[in-house]
Each structure stands twice: as C-alpha cells, then as structure tokens.
Amino acid sequence: MNILEVSNLTKKFGGLTANSNISMAVKQGSITAVIGPNGAGKTTFFNMITGVYQPTEGEILLEGKSIVGLKPDQVAKRGISRTFQNIRLFGEMTVIENVLVGMHTHLRGNLLGIFLNLPNTRKEESEAEVEAYRLLEYFNLEPFINEKASSLSYGNQRKLEIARALATKPKLLLLDEPAAGMNPRETRELTEVIQRMGKEFNVTVILIEHDMKLVMEISEHIVVLDHGEKIAEGNPDEIRSNPKVIEAYLGKAALELEKR
Amino acid sequence: QSSSNQSGQQTTTEQTGANSNVIKIATHTPLSGGNAIIGEAIKLGAQMKLEEEASRFEEMGFTLQLEPYDDQADPKKGVSNANLIGADDAIYGVIGHFNSGVTIPSSEIYEKYNITMVNPGSTATDVTDRGLKTVNRIVARDDFQGPAGAQFAVNELGAKRIFVIQDKTAYGTGIADAFVAEAEKLGAEIVGYEGITVGEKDYNGVINQALNKKPDLIFFGGIYSEGGIIIKQARDKGINVPIMGGDGMDSSGLVDIAGEAVKNVYITSVAGDTSSTPEGKKFMDDYKAKFNKEAEAFSAYGYDAMGVFLQGLENAIKANGGKLPPKEAVVEAVRAITDYQGVITDVSFDEKGDNKNAKVYLYKFEEAKYPASYVGEVSQ
Amino acid sequence: MTVLEVNNIETYYGAIQALKGVSFQVERGEIVTLIGSNGAGKSTTLKSISGLAKVKKGAILYNGQDITNKQAHETTLMGISHVPEGRRIFANLTVKENLLMGAFSVKGKAVIEERMENVFTYFPRLKERMNQKGGTMSGGEQQMLAIGRALMMQPNLLMLDEPSMGLAPIVVEQIFEIILQLNEMGITILLVEQNAYQALSIAHRGYVIQNGEIVLTGTGKELAENEEVKEAYLA
Amino acid sequence: MKEKLSMLLQKKSVQITLFTLFIIVTSSALYFSQKSVVSFLLLLSSLLILYYMNLKVVTKWLIALGLLFILIPFASSGGPAFHSYMEVATMVGIYIAMALGLNIVVGMAGLLDLGFVAFFAVGAYSYSIFATSQASNFMPFGEYPLSGSTFWGFLIIGGIMAAIAGVLIGVPVLRVKGDYLAIVTLAFGEIIRIIFNNLDRPINFTNGAMGIASITPPNLFGLEIIYPNQYYFIVLFILLFTIFAVNRLEHSKIGRAWKAVRENEIAAQAMGIPLVKTKLLAFALGASFSGIMGVVFAAKQQFIDPTSFTLLESFTILVMVVLGGMGSVPGAILGAALVTILNLQVLTELTNWLNQLSLQGVITIPDALTPAKLQRFIFGVLLVIFAIYRTKGLIPAKNKKFDVEQIKERAQKKAAISNIGSNDTDRVQA
Amino acid sequence: MFQEMLQTLPQVIIDGLTLGSVYAVVALGYTMVYGILQLINFAHGEIFMTGAYIGTAVLLIILGMGFGSSIPSLLLLIIALVITALCTGLLGMGIERVAYRPVRRAPRLVALITAVGVSFILQDVVRIVAEILTGNYIVTGPSLFSKQITIPVSSFLSVFNDASLKVSFFIVLICAIGMMISLDFFVNKTKWGTAIRAVSMDRETAALMSINVNKVIAITFFIGSSLGGATGVLFAIQYGTIDPYIGFILGIKAFIAAVMGGIGNIRGAMFGGFLLGLIEMFASANLSLLTGGIFGAEYKDVFAFAILILVLLFKPEGLLGKAATEKV
C-alpha cells in the first residue's frame, strides 16, 4: 500500500525551477531517502508536501486523497509531520512544552474546560505530560525537560525537533537532514532510533540526508534529485553504483561506500 | 448615600487637628497640553487673589494655601485628581476647570465631598444644568454665547453664507451647534459644516472647501491653537472674509500664531476686556509685575473666581462665629453670593449656579495685537 | 610560533557554565580540530575566541597579544575569521553583497574584485547566483557562501564551525580540499567538525572536548586510532 | 553576617512573622493617620512581598484575598481619604484587567496591538448608550435609560461586544505580520475612536464629542452603586475571575499554542495549529477583558467621551505589559498597578508636595518648571530607568516548571499497567 | 459633484504634496531606525519637533543679530538646516546611547518603552526651555519664503480652479526629494549602507565581518535624526507655528506612511509619505462632497487609515516593500 503518491510535482520560483515533474510513491511503513546535491530541490519537495509552498503543478495524494491546497496545519492534521533543515523550535518554551505543543491536535480540552479546570481537561493534560516525558526519554532528552529549547546544543535541538514531530502522532514523518551536526557516533544512534521509531510508532519516514552511511543503512528506497529533477530511484545498492548519481552527488564517497 | 454623609460628617467633626486653621483651595486647570496658556492664566489669577487676601484671612486666624492641580484637559485625570482633592480635608474649594469635558465628570466628585467649585471658563450647558449644589460658574453659557455670535454675524456683519468649522471636541461642537442653530434661524445659509483634528498643523483641506464655497463668513468652534492656524492658512489662500470664533480663541496665543492674518477676525468671548476699567488696568499691571507675563483674558476670571470663593468662605466663617465652618456651609454661602464686584465681572448666582451678570463680549482684531478691540457686549 | 593560545577559559550563558577551563594552542600553519559530542562546548570555544561570547575567567592570546573579551569586530580586524555554526547568511543581502561584507575592512576595489574571483573559483555556484538573495539559497549553497564570505578577508586564523554540515558528499570533499589548500597558502585553521573521520584525517593535531573540558589531545592520526575516541565519537 | 541574615529571611516562620508585622504596622498607620499615601502604598506592596514569600500557593491566595477583601478596604476607611484610596484601587483593578487582556495578545501570542483601548471603548459605550436616553435615538422599542440593574448583564454584553469587535478587526488584520500588525491595529483603534467621536450625526448614537453624561449607576438589589469603595469590590470580583482564567489559559493547550505561534509560526503550523483561529482567539479573549472593564469604567465615571480612549491610552497599557514583563501574568499585574498608581497618585502627590515646598519658600521653582506640569516628564524618566534596569520586565515571564520526578513516577506507573508500551521506555542503546 | 472636486484638485495636490513631503522625510527617519533595530522609534517624532525648535531658534538668533536681513534667505535656511541637522543628529546618537543600547539585548518591545519615555522627556524639556526663553512654548518663527504664487491652472484647463502656493513649498519639496535620493543611494549603494543592512539582519555575524556594530547603529541614528531635525526646520518654515506636541501626531502619521510604503524600504517611505499627504488632503477637501455631507472632513483619518488597511491587506509587505522571504 502506498501512503503517499506524488505525480508531476513542479515548483517554480520566478525563473528558477526548483522541482520539475517529480513523481514518486512511498510505501506504507517504509523508510525512503531523498538525496541530491545542494540546491537540488529536496527541501522544496518537502515544503510542497507539507503545504508550506503550493506546487506550481502536480498532485500529492495522501492515502489516496489529494492534499494539494491545504494549509500546513491542515496537512499536519491529516497526519504528516516534519522537521526543518534550519531548526525551528519554540525557543523560549521549555523542552517539554515543545513536545506538548506537538500534541496540540490530540488534546480535546476546550475553553470551558480550561476556565473551569474540569477533571477531563486535567486528566488529559497529565496524560499528555507522561506521554511527552516518554518521547523525550526516547531521545535521551529527559534531563533537559525544564530547559529552554534555545539553550540546547545544536545536536540536541535536532533531536527535540524529531521528538516534537512524533508527538503529533503522524502517519508520515518527513525528516530534513536529521543527522546534520551530529558526529558519527551520534549519527549511528540516530539511525537506530529512526529505524525503531518507524516500527514502534507505526510511522512511515521520508528523510533527506547527506550522510551516506545513514542513508544506505536505513532506507529501503532512495530517490535522487538533481536540478529539481528526479535522476534516479531504487534501492541503496542500485543508487550506490549509479554513475549519474556518483557524478552529480556522491563523488569519492561512492568509493568508500563500495568498500563497506 | 450613607457613606457620603459619613465622610461629610468626618470632615466636619475632625477639624480639631493640629493644622485645622489651614484652608486649602485647589486650582484645577490644564497646565500642560493645548489649553495650557489659559489654564496657567487662570491658575496665576487665582493665585494672585489668594495671596492678596491671605493676610486678611491670617488676621481671622486662617492660613490660606493654594494647591494647583493639572487636569491635562483629560477627564480621566480630572476625575482621579478630583478624588484626591476630595480626600484632602483641608481643601474647601476648587477654581476650575477650564474644559467643560473635564468639568462635568469631575464636578460629580466634588459634589460628593461638598467641595465648592467656582468655574471660570467652562461654557457648556451641562455644567450647571445637572443641578449640582456645588457647581457655580461666573461666565456665560454656550447657549448664550453661540447665539450672540450668530446675531452679530448675521445682523451686524451681514453674513448670508456661513462656513462652519469645529474641532470635534465637546466645547467646539457645543458652541458651533449653538451658533448654527441661531444663524439658521436668522436666515443665513450654512454652506459647509466640517470637523478638524486637534493637534494637527495643516488644515488646508478644509480650507480648500471653504475657498470653493465662497462664504462670506467663516465660524470656527474651537480653541486658539487650531483657530490661529486656520486663520493663517485661510488668509494665505486668499480668503479675506471675516472669521469668527468663541471664547476658546480669546488668547494671546491666537495672535502669536496667526500674526498679521488675525486682522478681520471677530470673537465672542465670555471674558470681558480687562483693560477697559481702571481696576482692570491695575490688575493687569500688577499681574505683569508679579508674574512677568501679560495677563490673559481669563487671568481676571481666575482672579474673580477665587474672589467669589473667598467671599463665600468669609461669609461662612463669619456666620460660624469666626470658627472654621463645615464644608456644606461654604457651599451654601458661595451659592448665596449676590453682587460680588470683581475686576472683570459682577457675580450673582442663580439657583443653578449660573452668574446672572455674565455677559458675552464681542471683539474684533484690527491689528496683530492682543487683546482685541472691544466691539460690544450682550447681557442676558 | 603559537598563533593562538587559550588558557583555562570559562564561559557562561547566564547561569549555565558552558566551558569549564578549556586550554589548547594552535601553532602557525597548523590545522587543529576540536571534536566532541553535542553540547560539549565546541561552538562556545570558538565564540569565546572571536568575542561573541563573554569569557569569565582565563585568557586568550593571539600572536602573543591578549585578546580576551575583545569585541568581535576587533578580533576580525586582527585577522581572525570565524565562520559561525548554522551559516548565518545575511538573508536579505544578495550573494554579492554578502561577499562584500566579508571584505568590509579591505581597502581597494581591485583587491576585492580579485578576492571575489578567487572565491568563485572555489564555489562557481556563487557566481551563477550573484544577485540572488542569500536567504533563498539552499542550505548547502548558503554554507558555500558562508565560507566564501570568510575568505574575502583573507584571514590569518580561520575558525570553521562545522563547515561540512548539510553539504552533499561531493561538496564535503571539496570543502576539505579547500581547507587543505587554504592551509597550504599559509592560513592557520581551527576546525570544529562533527565529521570527525575527515577532520582528523586532515588535521595536524586535535583536541577532544567533553562537557566543557579538554579531555584528550594528540595528532590527528593518534586520535583517529585512539580506542576511546573511536568508541565515543567515531562509532 | 549578611549570609546569616539572608538565611534567617529564608525561614518560613521568620518570613511570616515579619510579614504579619509589616501588615499590622502599615494598616494601622493607614487607619489612624488622616491621610498617609505612603502607608497605603506600603500596604499594597505587601501583596508583592507576599508573591515572593515561599509559602504554598493556596496559602498565598488565601492571605491575598484576606488583604484585598478585608484589610485594605478596612484600613483605608479610617480617614476621609477612604474614597480616594478606593478610587485609585479601582482604577488599578481596571487597568490590571486590561493589561492582562493585552498580555494575552502581545505577551503570549506575540501580536503587537497598538489599538487595544478600542475594546475598552466598545465596552464603555455599550453600557453608556443603553444606560442613558441615548439609545432612544435609534432603538425602535424599549425604554431608555435602562435601569441600573441591567449593569450586571452588561458586564457580559460588554465583554461579548468587545470580543466581537476583536474578531471583526482580527479577521482582516491578521493577514499582516509583526509591526505591520501593530500599525494596522493602531489605525483601527483610531478609526473606532474617531467614529465614536462623530457618531452624533446623522443619527445620534454616541453624542459625539459632547460625550455621554449622567449614566445610570448600577443597582444591586435596590442599592445604588456610586462610591468608589463599592466599585472596588465589583472590580475585585471581575479581576479575580480574570486572573483565574488567564492563569488557567496560560498553561493549557491554548496558551501553549499562543506561545508557539509567537515563537515560530511556521513550526506552529506544522504542529497542526491553525494560525488565524489561534490568533483570533487571543484577540477576542484579550478584548473581552477590556470590554468588561469598559462597562465598569463607564458606570463609575458616569460620564464618558472619546478623549478617554486615545492612542496614548493604548500605549500606556502596552507600557504596563512590557514593563511588567511580557507574557508574565504577575508582571502584567504589577506593571499595571505601578503605572496606574504612579500616574494617578504618586506623581500627583509628589508634585503637590514640591508645590507646597515652593509655596512655603523652601525651594524656588520657575514657572516653566511648575511641578504640576512635570508629571509626564517624571513619568518618562521613570520609564527609561525601569526599562534599562529591568530589561526583562519587573517580573519576567517564567516557564512552568514541570515536576520531573512526579511525571516520571506516573510514566512508570502507566508503563506497569499497560504492557503495550513496556519496551518503548527502554533507552536507546547508548 | 465631480466638477467641484476637479476644480479644487490642483490646490489639493499642492497642499497634499507639501504635507506629504514632511511625512515622507520623517518617515525616512523611522524607516532607517526601524530597518536596523526593528525598533519603532517613537521618539523620532520628538526629534523632528526638537529640530523645528532648534531651527527656529537659529533663524531668530541670526535675524535678531541685526545683520540677518542682509543675508539671503536661502543661505539663512541652509545655515539653519545644517546646524539643526547636526544638533538633532547628535541628539539622536545620544538617545541611542543612553536609552536604546542598554536594552538592545532585551525583548524588542522594551525599547519601545524607552522610546515612549524619551518622547515624554523631550516634549517637556523643549517645552521648559522654550517657556523659559520666550515665556510661551508655542513659538512662531520668522516668515521666510512666504511669498504667495498663484498658478493660473484655469487658463490651461478651465475645469480647474487656480492654485496658490508659497515659495517655501518648492523648498520643502526639493529638500525632501534631495534627502531621499541621497539617502537611497547611501543605503543601497555604498559600503556603509550595506553594512547598515547587514547589521539589521544579524548583528553577531556582522561583527564577525569586522563591522563595528555600535558605530553602524550610531551612524544610522545620526542620519535618521538629522533628517528628522532638518524636516522640522522645513516644517517650521512652511507652517510657521510650532509647539512641543507636534511630534506625536505627525510622528505616528509618518510611521504609518513608512509602513504603507513598506517599512525598511527608503523609496517606500517616501512614496508612502507623499501618498498619505495626498490622501488626507483629498479626503478633507472632498469627503463631504462625496458622501453628500454625511461624513465630513472629520473622517479624513478614517479614510486614510482605511486605505492603509486595504493596502496592507492586499500587499501585507507595503506598497514598495518586498515580501521578506523566509526560506523554510
């Protein structure tokens, strides 16, 4: 079953075509990687799926239903969550509050309940706290619960973004360079987390990453973009040895990947 | 209700304190903002009278003290100051306010505390029409001033097409409407009726309208700071017909601002020409000597308002056997004043607190000089 | 000769102590790398040197001169260039204007032109996009711009904070090559990298920082082979 | 020595003793002296001290309620200044509620609103028009003025009217961001004021610049409410409700959504938070507090005109919020109290005092420097000083501290009960 | 109705341009400071007002020295402009140093408070000084360039009425345009101008480019404030009378103009200023005609603000502003 189907997706910025005619499908429960040189249009692709940009052309189907034209919050409610390449946390809020914001759509409390401090609302809040705590624990962030998000180091901020995205209980999670700013060891840990998380939270993952080790290890399917176009698609082995990909993107790294 | 009596009683019974022979009188006028010149003038006039009388009261065993308040021409500020004034046991009277918009709500407070107000310049009808026992005013009302202006404009100046501008304040609207009603009754046509924004400096837009309507008189309801600019800008545009205004324009500020353009401007005022009598002249000289400033028309009203109040106070003291009277007694004594002779106006209050002898005066600016030349006066 | 000497510095963010006595030095012509996990204090160290963070205790000497707590524009004028973490491009300036800002203290149009051409030889993409707003460039393009901008002032000591972050593998190689080239041209380099393999492979020496303290030091090679380092950072 | 002293001060029992002593001294000073602004202010400041004491929240509230409902009104009733104290306290309450409302909009949701006083005006006019004969100019039915007992209903109506105005303004306005929003709200605020100032023609709704006088005072079971001490209690009740509501909101999903929108709109949207709806809610709720107090204000003044609703007034409320500490509820309260007391009482008293000195010849002051004219100046100086020395505000906003241990405990309990999540609490291999 | 509107149009345009050019130059000062600190410098209106007083004082002093009448008016004006610009420029720098720099790291709105505080202080200081010197704080300056010229528009096109203007109109207009063009050049084309923009986006990084951030900010304030002060002088010459409170309303209007044009954008500020002046003038001259007397000139601000709101609804970044692209 395909959870996401994209066809002929195109985005133009003035004269610049950032995405041109991209079509792809993502299998439910899979981990897909989108790779490509800098400026290839990967982030733009994510932006269109999440409603941040409106496509110039093309169709995006989530579980068979079009989500083109929806606002980002509506897209989020349909079950797509994401992280950002340039970290976008709620800097002045604490770590746990960031995660609680992620749960926003799942909390049912209304104005009346809040004003009157009704038992339902209270219970829901305390459950949410527990859930948030667990998520943070999952990413080893529980020591920072009451810290301001902006005071975390770069790497921890990245993890918090993922935790926050998971808190929305998405069906589809888009990660934009989750390992950027992490050292190889941390990257390895992250690789495991992503893999486990996909299963435990029952979420399909698409990720953009320049760390080839992570990409090759984790993804079932890889899509390669260059100059806004899809130049290759396939499983890691196919991509590793694809001359187009080597030339445009991997360079010598391909050799090292071969070695392993 | 009950608590008003309570506090009233407290004020009267607690007079045995150490400084019980100090009587304070507040002035409560705009000392900052657009009306400050007049507010200041009233304050200084009142201060002068108080200082003149101080020794006399000293002999009777009382120390007079002036307590100036700034209402900033803002009703809210006025009301909260009024509460402070009410709280001060020693304050018996208030000279003020100038702006009717402040006088009306503040006087509600004075009424609660039995503090006598003698008003030297608020002309709106509502000031006295609410029937408060503490409110007295020594100047004429808008429904007297406005029509008087209209009669002069139509009958004497022969205005047929009148363009009316007002500043959209309580005062401006009040006087302009009173003027319009009478002018229309007298058969003149109101060819335009426009409002402006106080505080701006460019009224060319409205003046262009006036220019186009070719009126034979422009009436402005508002105060000198805007009036001066309108006069100047109208003259710049070549509008040479008479321009007329009310007491709000009766200030040296008008001449400062409009300069030469002030010629052929008429004003009605509730303030008489102080220099027209010898006492008035003397007052002006003393004032100048004391404060190093020319007296404004309203300086003398501040002076007389204080005079009226002190007269009432004195009467009340005497009636109380030379001892400090309760505030209610002062309220009544002031209202009862008849034929008080001030430097500028005689004062006899009617049952509402309006001065029966209040007059409306007409002036014309023949040159760039303040005060303007006296043209005539109208009594009730 | 020692270009940079950091003596036992302590730096705080409000009440949080980020550096707890960091010491190390960089010799002329060296490439020195700082490695360490997230939050160890690598960026804070660089910020302390360039003057973006206030040092509470300790001293920093540059060419023998005390530069502790000098303001950032002063340290740059002395020849220290700091490429900050997260690119920090002037979003609403064009690529060209961004580069010109890099050369703010440089006098002479011709010199500036020449340096700009030089930057373009490293990063041709920047030339193509001369008039694009910096903020709309892709992440990798911004990184190129950030490095290019720092090169415009031809620094004596170049401090790079995670320059390879977010770059395509092929560009990462280029970046490391460029770093080597720059170093050969005589620029001393202090490199903070998460890409510890590659950093250690080009560095003469390295320091491992942990919880705001230097815990280990050695040549690039030594560190790359050190078991602890492997265990903790290289995986 | 110093340390010992501060140790001692940390002790609960010492704190309580000192505090009680303080209250007793100040309140009796207030009660027995005829007019002592200083003791009044000190007594008020006991609330601030209370805020900083380390007592249980519930205890603090109980003490505060006792102070507000009993001690303060009682202690100030000792002298003739009673009503002036109550007047100041009432105005303080009114401004606090407004500051709390604006704090939602500016502090929490990060929407800079420079026209906030408009909502106050809407509330004030909705009561004034119907509590005078003004309404008969355009209402085809009913008899006006309405009786004073409708006041209580109007509290709600005023709140709702203001909220509606907030939404009406918000819908178009929220398309613009940041300081553009500031300017658009400023423009709207002015538009509303100008319209109120001119709606005496063609149909006389508001009586224009003349203002509406003789507004029917509220009536509670036949008791006419006309004195400041009576308003004090009305305002106090409303205020307590407001504070309660704001506190609840702040730590609810709505409060978090506001802050998220403030911090990063794009990320907030990505979390499923609808921007427009969330912002509108902030506008509407903030406005409604203001509207309710507008009704009270109109009833208390018995006269309103558009000069009470100027731009400067909006600024003043903003100053209260920022001075107190943006986003901070106790901050907004303190900011509002401080600015109001400063403007209405301290500066006036101070200038009176200076004036006395100059009249007695102790100091000589040239006319241009008459103290009464210097209130604004002094206020300006104080603003600058406050802002510079307390850059984050008097009581900076604090994030809620979650009790980690407690949450952990609950998490473990839950994990034990439901075995589904049993293995996801396992750490990732380190 | 339209005929009547047409008749007055030439005069309305002239008056609108006059007011508009004052708005425009004051708006420039706002835009500059806003551009660099994201601070709505509400004290700018007061700097403008102070400039008006300083300029008037300079003129009065020179003329008072007796030989003033022998100096050509234009030279007199230039002297007054230069002295004033210098004084208010320094004043602006001083204000920045004392009131804004200490709160630079604080939340943005805190600076708004100090700005309001500074406004109050300036208003009163000017009032006090003026009152002590002249006995009255409303001051009327010497009339320069007050010769009236009539443009016989009606002789070209009879649908129009003649329009009249003061010579000072040209001076105000030319000065305003001159200031804007040079400022535009400075900010967009020179190194220091670019540095100003860089600092406005990211102060830390700008410092890493060896830009002395404090100096750049000080320069910005100097320029913005000297423009504001100089405009004050022009205002005093055109309108004659000044009081310490002219800065507030005019400042707000100018800020609105800046926003309408696209804040941070110099050409936008200038365009917005002229536009607002024209709209206001048009509205106060024609509203009652347009609505058959139901809404008069008193609604001119409502009219102008409504247009502002409309503009921002359809172009939230202002007329000439460029949408700030935030790359996600």
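Order of writing sets the chain letters: A, B, C, D and E. Residues in each chain are counted from 1.
Assume a residue touches a chain if its C-beta (ideal position, glycine included) is under 8 Å from a C-beta of that chain, and two chains touch if they have at least 3 such contacts.
Composition by chain, UniProt nomenclature: A, C = Branched-chain amino acid transport system ATP-binding protein; D, E = Branched-chain amino acid transport system permease protein.
These numbers come from a predicted model, not from an experiment.
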item: Common touching chains of chain D and chain C; value: A, E
item: Where chain D and chain E overlap in contact partners, by chain label; value: A, B
item: Chain located farthest away, centre of chain C as origin (C-alpha); value: B
item: Between the pairs A-D and B-E, the one where more C-beta pairs touch; value: A-D
item: Relative to chain A, chain with the most remote C-alpha centre; value: B
item: Intercentroid distance (Cα basis), chain E paired with chain B, Å; value: 36
item: Where chain C and chain E are represented by their mean Cα positions, the distance between them in whole Å; value: 44
item: Mean-CA-position distance for chain C and chain A (Å); value: 29
item: Chain A and chain E: spacing of chain centres that average the CA atoms, whole Å; value: 49
item: Residue list for chain C, restricted to those that touch at least two other chains; value: 136-137
item: Shared interface positions of chain B, touching two or more other chains; value: 32, 36, 168, 195, 293
item: For chain E, residues contacting two or more additional chains; value: 127, 298, 301, 326-328
item: Touching pairs - complete list by chain label; value: A-C, A-D, A-E, B-D, B-E, C-E, D-E
item: Footprint of chain E on chain A - complex, ascending; value: 43, 47, 52-53, 84, 86
item: Of chain E, residues touching chain A in the complex; value: 327-328
item: In the complex with chain A, residue positions of chain D that touch it; value: 244-245, 248-249, 252-254, 256-257, 259-260, 262-264, 266-275, 399-402, 404, 407-408, 410-411, 414, 421, 424-425, 427-430
item: Parts of chain C lying in touch with chain A, wherever the complex brings them together; value: 13, 16, 35-40, 43, 85-86, 125, 136-141, 143-144, 162, 165-173, 194-197, 231-235
item: Chain C-touching residues of chain A, taken from the complex the two chains share; value: 13, 36-40, 43, 85-86, 151-156, 177, 180-188, 210, 212, 248-253
